[in-house]
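Two complexes, one shared chain (chain A), two partners (chain B, chain C).
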Partner chain A sequence: MSDVIVKTTNLTKNFPAKKGIFRRSNGCIYAVHDVNLEIPEGKIFGLVGESGSGKTTIGNLLVRLIEPTCGRIQLNGQDILDLKKSEEIHFRRKVQMIFQDPYESLNPRLTVYETVAEPLIIQEKRSMHGNEKELLYALESAGLTPPQDFLYRYPHELSGGQRQRVAIARALIIRPKFVVADEPVSMLDVSIRVSVLNLMLELKDNFGLTYLFITHDLSIARYMCDWLIVMYQGKIVESGNTEEVIQHPLHPYTRALISAVPIPDPMVKRRRVELSEAMEDTSKPPLRCRFYPKCETRSPICEREYPEFNDKGHAHFVACHGV
Partner chain B sequence: MRIGTKRKFGLAHLLFKGISQEALGKIGIAIIILFGVMALVSPFVINIDPDVYDPLIGVDPLIFSSQGPTLTHPLGTDHLGRDVLSQLLKGSQIAFLVGITVGLMATLIGTAIGLISGYFRGATDSLLMRITDIILSIPSLPLLIMILCVFEHRGIWVIVMVLGLTGWPITARVIRSQTLSLRERPFVQSARVSGASDWRIILIHIAPNVLPLTFLYMTIGVTYAILTEAGLGFLGFSDPTISSWGMMLQWCFSTGHTFKALYWMIPPGLSISLLALSFYLVGYSLEREINPRLREP
Partner chain C sequence: MAVLELKSLEMSYKTQEGTVRAIDGASLRVEKGDTVGIVGESGCGKTSIGLSILRLLPPNATIHGGQILFKGQNLLSLSGKDMRRIRWKNISMIFQAAMNALDPVYRVGDQLIEALVEHQNLTKKQASDKMEAVFQLVGLDPGRARNYPHEYSGGMKQRAIIAMSLICDPDIIIADEATTALDVLVQDRILASIEKIKAEFSMTMLYISHDIAVISEVCNKIAVMYAGNIVEHGDTMSLFKAPLHPYTQGLMHSFPKIHGKLERLEGIPGEPPRLTDSSPGCRFFPRCQQSLKKCNSIRPEFKEIEENHWVACHATRRSL
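So, the complex of A and B:
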């Protein structure tokens, strides 16, 4: 395996759960719990799981939009949680994020020029003017051609796909090493998804990027990712090589997830494992396996202790007592 | 390559669109222009003969009591023989001066407090919002009169300062709530990921997005200032050395001419209502274009 670029140790994020008219804090939501990740450099690392499983929270933690409750995050071996102000700006240079909704992630009152140039202006203390060369290159790399046509447009003059390309150009203009892409195509029209995904693959090679690619769509994950992590209610339940995880899912949750994906090949029949409807209260302290209430193969031990994360060979890890 | 930005989405464009779409907005603008012209004409009228047409010390030597309209005094004179039209024109100047200055001051303070409060939240927010609550909860006219009584010489600038320094709480609240929601938007997060400082985020990403709303509240602030200054003037708490519309009413009333000299009473009264209404109309017609709550279906 290549070098590890991002490593987390026991990463945990609790949100206070505020209920009632006085919004008193009673208990908390364990959005991310004890997550250990090792993201290899130059790879696309997929994060899948249903809505509310904590994917965005992990992404936000890795780019330091939010601070973890506890745990450590390292970038190239350096702890990023206790950086000094002067070091933080260097960290911001190496890590970028592509957001889910391109209608929300661009400031409606800034031109494409102003939006894309901003990281350059902040990082290199440049002035607003005279960045055309870098901008045209970044826009062209992001597939906006001819780039000079886009410089002085406002977001409302762009299509969704074009907006996402602007967001990508903005993320790449300072040549980051690590990019968190939080469901980058889920808000886009199906017809342009593949072209944006292909662009991201192309840019990864050209710019030597590492992606954390968050998605709830397993077919997109399969198309994009080298490695896959499956999350369920703030916990990693399975991880491994993408093909390995999708072909031989071990965790009952992963199996349910995969059988819920439309099957591209009609000759292959798969049994649908139904996820029962009962929503589990995420705000309880996590002792038992999170999937216990919905699990088909549960046994008494699953209620008493959380399963260890075990290597089942071929770097395929799973957290389940039943496997 | 195209040089120069095309500000299709700029504030001016938005204001123009908002005003031109509503008939009421156009009426408002027309009234404002009318009074603007009156304010500009004022010095020329005085210069015809300052001894006669100065709104305060110019006295027609032939007239010793209030008289109705004549050729030399189209709106008549007051009880001292001073020209009512000249006072009215000067009053227009004063109204703009007071209205715009107070409106600007109050919205600037309110916007700054709202931005800081909503962006930094926490203790800063609590402190600023408690101050806002206090100012809001005290009835404004008695408060103003109380403050004004502290000053021995109530120049017009004292009035402007007092109105400006107390007129911001509503703007502050509205801008704060806008800021609270804007600060969570992905484009602000995106700026944060790129290393933008708090002040950069406030000034470049949040402020331009609240600017139209700020402008809307400024029109309301101007209305408030014009009406309040007139009210204070009528009650005798404004600057007596300036012929503001409120003072004109006060002179008319205190000398017992209220319904005997309509040529003297109606012009300032009507002017106050019209100018206040015009800014209100402009704000009203802008609101649909600007207020995010009305825009979303």
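So, the complex of A and C:
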């Protein structure tokens, strides 16, 4: 197996919960709890789960948009949480992010040139002018052809797909190693999505990138990812090789999730797994299995202790007492 | 007689950038008991079709051609008062932003009762019984009828909206992206309820969505829209087995699959056109890989190519 580029140890993030008319802080939401990840270099690592499962929080933690409550994050073996200010700029160079909404992630007052050149100006202390060559190359790599037509346009003149390509060019111009892509195609039109996904696959090979690919769409995760992690309410419930997890899901939550994906083939009749609507309260620490209230195969032990994360062979891990 | 029939409907919006031809000659028949899916990308005019049928268009929109026939009666020639009688009682709608379609200051149950009292001359008691029956039908606990919308989860609000659309026993329901903003497990439960309701009442529906997978599960007929035109229309089986329009074929190759062989997808090159530009030819021409010379200058006719399979494309040959 290839080298590990990003590693997290007991990564935890609690958000303060505010209640009542005075917004007094009482307790907290356990958004991400005790997450251990090892992201292998050169792979696409998928993070799937429903809204509120903590997948975006993990993405934001890994690029240090937010600070964890506790736990460690390492990049190439170096702890990124206690970097000095002078080292931080090198970290930002290696790690970039592509956001979900290209209508909000680009500054409407900056031209494409200014947007894409900004990382160069900050990272390499360059001046605004004279970066045309690199910019043209970055835009062309991101599939904006001919690139010179796009340099002096503003975001409002671009379509959603083109904006997302600008965001990709901006992320790649300083040659990062690790890219967090948080739902990069969910705001795009169906016919545009595939071309952006294919572009990301190409860029991975051409630039030697590693992606953390966050999505709620299991079909897209299957198309993109080498490895898959399934999250449920702040905890990892299952991880493994993508095909292995999707063809042979072990955790009852993963099984329900996969059975709920509509199939675009009228000949196939899908078998539904019906789950109860009961939900665990995320403002309590996960002492018992988070999936307990919904689970059909639960047993008394599931209520007493949180299941450990165990290898079931072929590097397929699952956190469930019943498996 | 069809429950609903659109005959070369034309509708446009006046905007600062010019006139947007949102629906550019759309024809469609919905027979009793059918669930017809309208599938297409954002901006293709699928929501505008729903709003035109109910005549709920914003002030900058005008319908300037065609007919909308509801049981043979042209809705476009009705007075506002007559239209109000038909709306909700005969044609109801499940809106896209379901989260915002409930009034936050009224109890959910009362909002349903209000619709009943308005349209059906029932007593408070009868209305309340009916409301409870419909609540159960969509899988909501009638005990929650006294709650306010903010006490509901997203999936429950969506169920309440579906209950609302059913409450007056309409002849047809128009569902616009009824499950789009929901998580996949919640979506699945809503789809199960919709299927149950369809089976129990042989409900007629027009189901609008961008997601061809959802459409293929819910609908027995499909209309594919592109840039204001319906480009293909047929029953779900034949449309999936042999899609005829190049856009439909491209759309089928734009969705990754969760089962079966993993293959590289090609999608559709280019971008949808701006609807302010008017070209005499086929709207799909700039992105089409099967185009002929005349496609750029002559708009293809919407023709029945096989039995009950309609296509607007010069490159598709007639096999009838």
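In the analysis below, the second predicted complex is superposed on the first by the 315 of 323 C-alpha atoms of A that agree within 3 Å, B and C clash if a C-alpha of one lies under 4 Å from a C-alpha of the other, contacts with A are read in each partner's own complex, and residues count from 1 in each chain.
Quick note on the criterion: a residue touches a chain if its C-beta (ideal position, glycine included) is under 8 Å from a C-beta of that chain, and two chains touch if they have at least 3 such contacts.
As the structure is a prediction and not an experimental result, all values here were calculated from the model.
Contacts of A:161 after superposition on the shared chain: chain C is touched, whereas chain B is not.
Touch criterion met: A:152 reaches chain B, while chain C stays clear of it. Contacts of A:101 after superposition: chain B is touched, whereas chain C is not reached. Touching chain C in their complex are the following residues of chain A: 50-51, 159, 161-162, 189-195, 197-198, 216, 218-220, 222-223, 243, 246, 256-268, 270, 272, 274-275, 277.
For chain B in complex with chain A, the touching residues are 1-2, 4-6, 8-9, 185-187, 189-196, 200, 204-205, 208-209.
Against chain A, in their complex, chain C makes its touches with residues 41-43, 153, 155, 183-185, 187-189, 191-192, 210-214, 216-217, 236-237, 240, 250-259, 262, 264-269, 271-272.
Across the complex, chain A meets chain B through its residues 60, 63, 65, 88-89, 92-93, 95-97, 99-101, 104-111, 113, 118-119, 122-123, 132, 148-149, 151-152, 154, 156-157, 167, 170, 174.
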